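Take a look at the structure set out below.
Letters A, B, C and D mark the chains as written, and numbering starts fresh at 1 in each.
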Amino acid sequence: MPKVITRRDILKFTGGGILGIMLSPLPWKLLDDSAIWTQNWSLIPKLAHGPITTAFSHCTLCTGGCAIKAECVSGMPYYLRGVQNHPLTHGTICTQGLASHHMAHHPLRIVHPHKFVGKTDNSTMVAVSLQNSLDEIAKRIRDAKGSIAILDQQPNRIISEVYREFLSKTENGKYITSPSREDGMIVALKEMMNRPSESFGFDFENTKLIVSFGAPLLDGWGTPGRMTALQNSKKVKFIQIESRYSRTAMQSDEWIALQSGTEKIIALNIAHVLINEELISHKIQNSIVDFTQFKNICKEFNPERTFSITGIDPKTIHLIAQGLVKSEAAIVLSGADPGGGPFDQETEKAIASLNLLIGNVGETGGIVSRKEIPGNKIGYDPIQWSNIPDHSISVLIVDGADSGYALPWSLIEKKLIPDNNFVVSLSPLLNEISAHSDYLIPSPAFLESMNDVPTPNGNNVSSFALSTPLLKKQNYTNDPIDVIKEIASRSNIVLKITRYEELLKQKIETIHSQKRGTIYVYADQSSINIKDIPSANELWTKLTEGAVWIDEPSKQTTPGKIIFALATAFPQETKLEGFPLIAYGWRGATSTVQISPILSKVFQETELRNVNGVVSINPTTARQLGLSQKGHATLSTKNGSMKVIVKIESTVRPGIIEASIAPHVNGIETPRHPNGNNILNLCEVTNNGTWRITTANLLKA
Amino acid sequence: MDKILIPRGLQRTSFWNFLLWIIPWIALLSLGIYAIYLCLAEGLFHTNMDNRFAFGIWIFLDLTVIALGAGAFFTGFLLYILHRKELKAVINSAVVIGLICYSGAILVLAVDVGQPMRAWFTFWHPNTHSMLTEVTFCLTCYLIVLLIEYVPIVLKNRQLRQIPKFLVFEFELHKLMPVLAGIGTFLSFFHQGSLGGLFGVLRGRPFAFREELGIWPSTFFLFVISAAAAGPSFIMLTTLLVEKITQKKLVKPEVYKFLGKVSGTMLIGYVLLKSIDTLIWINSTSPGNGFPAFEFYATQSFGSWILFTEIVILGLIPALILLSSRLRENRKLLFGAGFLVCSGIMLNRFVMTIQTLALPTLPFDDFLTYSPSWEEVATFLFVIAYGMLLYSFTFRYATLFPQERELSLLNGELSSQEFVESSKQKSSWQPKFILNLINKFASSKL
Amino acid sequence: METSIGKKQKYGMVIDLDKCNGCGGCTVACAIENNVPPALEKMNKRNGITWLNISTVSNNEQFPKIESVFIPMFCQQCEKETPCMTVCPQNAVDVDPSTGIVGQVPQRCLGCRYCMTACPYHARYFNWWDPEWTEGMKQQLNPDVAPRMRGVVEKCNFCHGRLHTAKQKAAAQGSREINPADYVPACVESCPNKAITFGDLNDLTTNVSQLSKSENTFRFLSRLGTEPKVYYHSEKKWVRTMAEKSLTRSHQEGFNG
Amino acid sequence: MFPWVYEFHWTAFHITFLTIFFLIFAAVVATVILAVRRTQRAEQLHTMESIQWHSDFEDLSPTARICRHELSGNVQHRMCDQGFDCRSCLVHPLLVAKQTKTPMLQFEVHGFTMPPHRLYHRGHMWVQQENDGTYKVGIDDFGTRIIGKPYSVELPPVGSRLSVNGKGMLVKRSDANIRILSPIDGEVIEHGDSEKGWYLKVKADNPENVMTHLLKGDEVPNWITREMDRLQISFATSGVGATLADGGELVSDFHRHYPKADWDGILGQMFLEA
């Protein structure tokens, strides 16, 4: 061994060392591991392992009542699909429904009762205990100077009955439902026929022509699967009378592009043609008490005069009128885009009058009466927003999770007593309305608790199903029914309720005892007559495991005496100081709920649906305003202004501004995000409870 | 301070001046490192590239830089294989520039790919049909060759050469240089070509797609020739730049003229072939795919002027200047033409990358725009700064221009002449030799 | 390793554009099925990941004569000289000869994005960000599909996970052929209007092979000669004319082309 | 790349492509290995010093590489390509044979003492044959004067070997280290010190051919003239602008007179160090 270590030795050692290491498996293993690491690093989630099972339930995101079949891993649903051959949905669920299992994991999920301290625009959320919140709510109810109101998103549920019972025991309680989209016209119709306690639906399956005034029939209306099946059957002709080139307008057989706000004029113009061309039978004429009066009103709406305002060719009106009478069965529908708000009552009446004039009520393929779900209590009817006096509500409890995308906060605010109101939100998520509340009590998220699914709007027969929980209920959530129970007991109101499940069982017992209808069982796709089910318990089991009860159709009756009570004069032309602003949204995304973050695929990554803060204008309007594609602009109305992005589309009518009321960019931003300002807040809410047209200006920013 | 590292007899600015010169580049380098860190550690969302504009400024500049760095292989080829001794004056500089360009490009590519740790997969399961495989293999090999070629330059540093083994190794390696130059030429031929082929094979991009000649699209050959044309011009320009910055004469004027002539010869061939290729593309390839070629130029920003500029203004004109020995005599024209050549190659690479991606393919596509993010620009500035530093250090501590020592006479010309005058009378010896030398240099125009 | 059992298949689709109402159900179902993460705040149409992207295209008329059509665009599964496959330097794109499906191997993908520039349909998506789900949503990922990491390219593979499951099921039943009902991609299944027909193009009895031969069925950029296996169908003449056009149209229109 | 990885199939393409790639890679590696092997062999054969000199010689300025026959006026222009080793030069004997002039002997050249009985090496070393057949080697007057007073001198130990153009001595100064080339091959048998003067006594390997390559006769004055030129150029380019002639006499101690000059560069050039 050499005594002195020379440079040569060091070099030899280093060189040999490197060579040795290179020949060993170490560097190659490390190289390989580096690649494996990039495939498995902590940034990529680990997939769940476990048994794959199937479960059935129902979507409760909206009132559509769609059945869902869930693929689950270790009991956790990971993929939802429709139930094949389902009699109501025809195996379809909508885009939101596909992702409804995500809702429990929404980034805006609330996991503790909160109160909001400070002014609305910059309030802070403070966690509070449930007991304190309940005490405070009860105290405010006891001390209320004005009325107590509950806003119910999905009426006709069992909990709706509890709400109504609760309100009936308060002084001046008001039961409010969200502006209904599917049956706005039905309300008017019921009023004209004076049959308030009856339920009506549309016998689409037997109809030949549907004339729709802006109803988003092919864009999530009613039970979406029913409408798409109807469209695919090609047995029905769709005529869409709408100002926007909406999805429904696009898919309809005919689109009549009217000027927004002239729906009433067109309806009465059609009525005029029907009367003028003597297309109305004497029987109908006789049943209408104020027919002469109506005839006189319609005279004002002659084709020549209406043409000057609507720009719709009289020939087109003539053809529609002819079609309504000549086709075997026809239905005239109303119902605007959910973001656009409901029609005013006059318009609804004018549209409803067409159905009465052609006599389709109670007829096959027309508007039919349906039997109620057995055991549904009637009474303490909902009140329309327009019928609530301004500044009259002291305490408002908002059920569910109204996103606020289809109900401007300004409308609610108008009805609240200024500076002395109290809003409680029972929502699983922080959203537009719950962010405006004083107290927020987290309720179970979708598919976390057992719920009943009543008849979807617009259906011609009643149905009942259960939304069986697919997800574990979180212990921080409070069922609204328990909250109401607690509030009642603290405000000295005695309710005759037991546990929610008991109520459900009672309901099912009643259905079973009536021996009406059939159930459709999802697992084996079989139909069972209710009479063949031995016990209510078995019906309960079948419904929880995935089945829907469908009522038998009711025997139809003719309308009887009809009073139109319409007093519409031909509108004066008014000059607008700006452009009409038409708000629009998408059923589901703009109705009652927030959307799953995965819906960002549709809003953000395909731009298939515009996000909140995007306005669309025609190229001519763009030139007029000097705006460019995807440019920034300021949209201002009397109510304020906000920054928007301009989209230039030839599909938009020249001279109007279409504004999207879809969710915030990817549906996961906080509602009070400074840029997430809701366009709805710019809309002017009229005394009719609508916000259909606002005058707005668009300036290049 | 660092005098013991500076080659004997070469005048270099003081260490403090040098420090002042490199500090801004180090600052830029640090900014680039930060940008690279962001891209590698957090993801490529730091860039403004997207799914439609999947290649951005990085790929464009990589192609440009590799084309300009072609001087290394082409000079090596001319010197070692064709024995054009004139080029000995710039070969070291060409090798360093080549090394900077190639290593910089590879570094940017490593940032550009989403999973750089998997880069070796290409060697493990290569798709031999892919032009990118060819590029990867050749670039890797050629970078190794360039590094080996760079080693002698470093080993000849004044201190390192004191170690006998190093100097002997350098000497032996230098004797084998023609082998490496040959391999380098072969590799460069293929990767320059494959880089052109990258876009030429894109059947789905009718703007870039070209007919095949053998197994390669025509852009393969166009890229090789255009790189061979641009490389010498770029060496010409960089050498001039170094001369301007250091205020020294580094190479003899003949070298510049020769580089210009080489560049011009290659360029005229390129312009001819490019014109033929364009005509074939306009009349056959593009309409054959259902895309009338003129439609590609229908958009406002990329009109047909771009084609005219590329072929005529930045192609034919500099080629004619460089081919005329009379015009080459004019320094301004010579370097101006060199600049046009480099710009032309840059424009060509821009058209092939950015314009190709900006143009729509589907009938309902939009024309796309893209502007790089600061991270993308900073990453590229990193390469510039890295190149500047590597070149500066090499220039300071190694001999990049063998003629510099001789030519430094010209700097000392005045004082030498004064000396000659005075010594003629006073001294007993006659400095004939130095007189000859000075007269010889003074008579040759630069 | 999968062995190809039974006869050679050539899976393809026909999309009836007249039926598509642009609801986006297919896009969402696809994302859920294939574990595509939701968008982050900065994501948009150009840098997000939608294996199935829907574009709106309108005729060149003015309001109210304007007509629009929705075009779902995703990997067209090119049969011949598959542009993305030939360019991938490390064989991360493969075409399964037994099914004709163009697959992407994200575990081998380098992220060079050359395939994306090669694809004329812009049907390939790069993971510019790390995938992000909320904690709960991570529990709800499809256990059959591996999530992708940042820096790799991904795209539609006709729901390869479902094909795999169907094959396993067939194998368990001792069958050499999968039951066509067991293998339906998520987009096909979720379409409320049943606008997408899926199946074996080689089997002349299937709806899809018959529809693909219909007079009003066309393919985008078929003139490039890559033989895509995704067909489109429309009774509207202007839609078919639009599909045949090259670029001029969108330049002239300029708006939301 | 291997058949068992991901259903890989060999194609003609793969084989061609990979063959080319690996051939190239092998060629590159082989080149480097060859260079390393040659270096090792040079080490074993003790040819390192000569190779080193060749490398240095390549880098010398052309002004320093003038053939001795140009100095003697035998030819007009000629550059040495043999590393100043006329023993291996094929042209040298021919030119010697052509030589007709009788050499003119000079003791003093431009003020430098250059005794004609000594032979001179281009690295400013003289060689003088001793009576005992050994050779004495030292730095010439020109060299001594430009070095000035050295800080220290390292001489090769007795018994060590010298080779022509290899390292002879190492002169250390505060601002420069200069290695001085050995003029002859042989074994060191004795050396001087600061008192006796810095010389080496060498036993030559091949006494017949020891001095063929060294300058002699009237080559020396011309050589010194050229060296003066080179020195002046060095001064000029180092920016001092000094003139060698100071009132007609060459200064004896350059170093003391021009302390600001780039002495490192000047000495390196004058002692043929690149």
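Going forward, contacts are C-beta pairs under 8 Å (C-beta built on N, C-alpha and C of every residue); 3 or more make two chains touch, one makes a residue touch a chain.
Just so you know, these numbers come straight off a predicted model, no measurement behind them.
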Chain pair showing more contacts of the two, B-D and A-B: B-D
Chain nearest the global centroid, as defined over all protein CA atoms shown: C
Between chain A and chain D, centroid-to-centroid distance (C-alpha), Å: 96
Averaged-CA centre spacing for the pair chain D and chain C, given as whole angstrom: 76
Chain centre separation (chain B, chain D; CA means) in Å: 37
Chain A and chain B: spacing of chain centres that average the CA atoms, whole Å: 63
Chain A residues counted as touching two or more neighbouring chains: 38
Shared interface positions of chain D, touching two or more other chains: 6, 8
For chain C, residues contacting two or more additional chains: 48, 55, 91, 108, 130, 149-151
Footprint of chain B on chain C - complex, ascending: 42, 46-48, 55, 57, 71, 73, 81, 83, 86-92, 108-114, 116-122, 124-130, 149-153, 220-221, 223-226, 242-251, 257
Of chain D, residues touching chain B in the complex: 1, 5-6, 8, 11, 13-14, 16-18, 21, 24-25, 27-28, 31-32, 34-36, 38-39, 42-43, 48-49, 51-52, 54-55, 59, 61-63, 110-111, 225-226, 228-229, 232-234, 236-239, 241, 243-245, 247-248, 250, 264-265, 268-269, 273-274
Contact set on chain A toward chain C in their complex: 38-39, 41, 43-50, 52, 73, 76-81, 92-95, 98-99, 101-102, 104-107, 218-220, 224-225, 228, 231-232, 245, 247, 250-251, 255, 257, 596-602, 604-609, 618-619, 629, 647-654, 665-666, 668-669
Partner chain B, residues of chain A touching it in the complex: 31, 34-35, 37-38
Chain B to chain D touching residues, read off their complex: 3, 7-11, 123-126, 128-129, 133-134, 137, 141, 144-145, 148, 156, 161, 164-165, 167-173, 176, 179-180, 183, 186-187, 399, 402, 405-406, 408-409, 411-412, 415-416, 418-419, 422-423, 426-434, 437
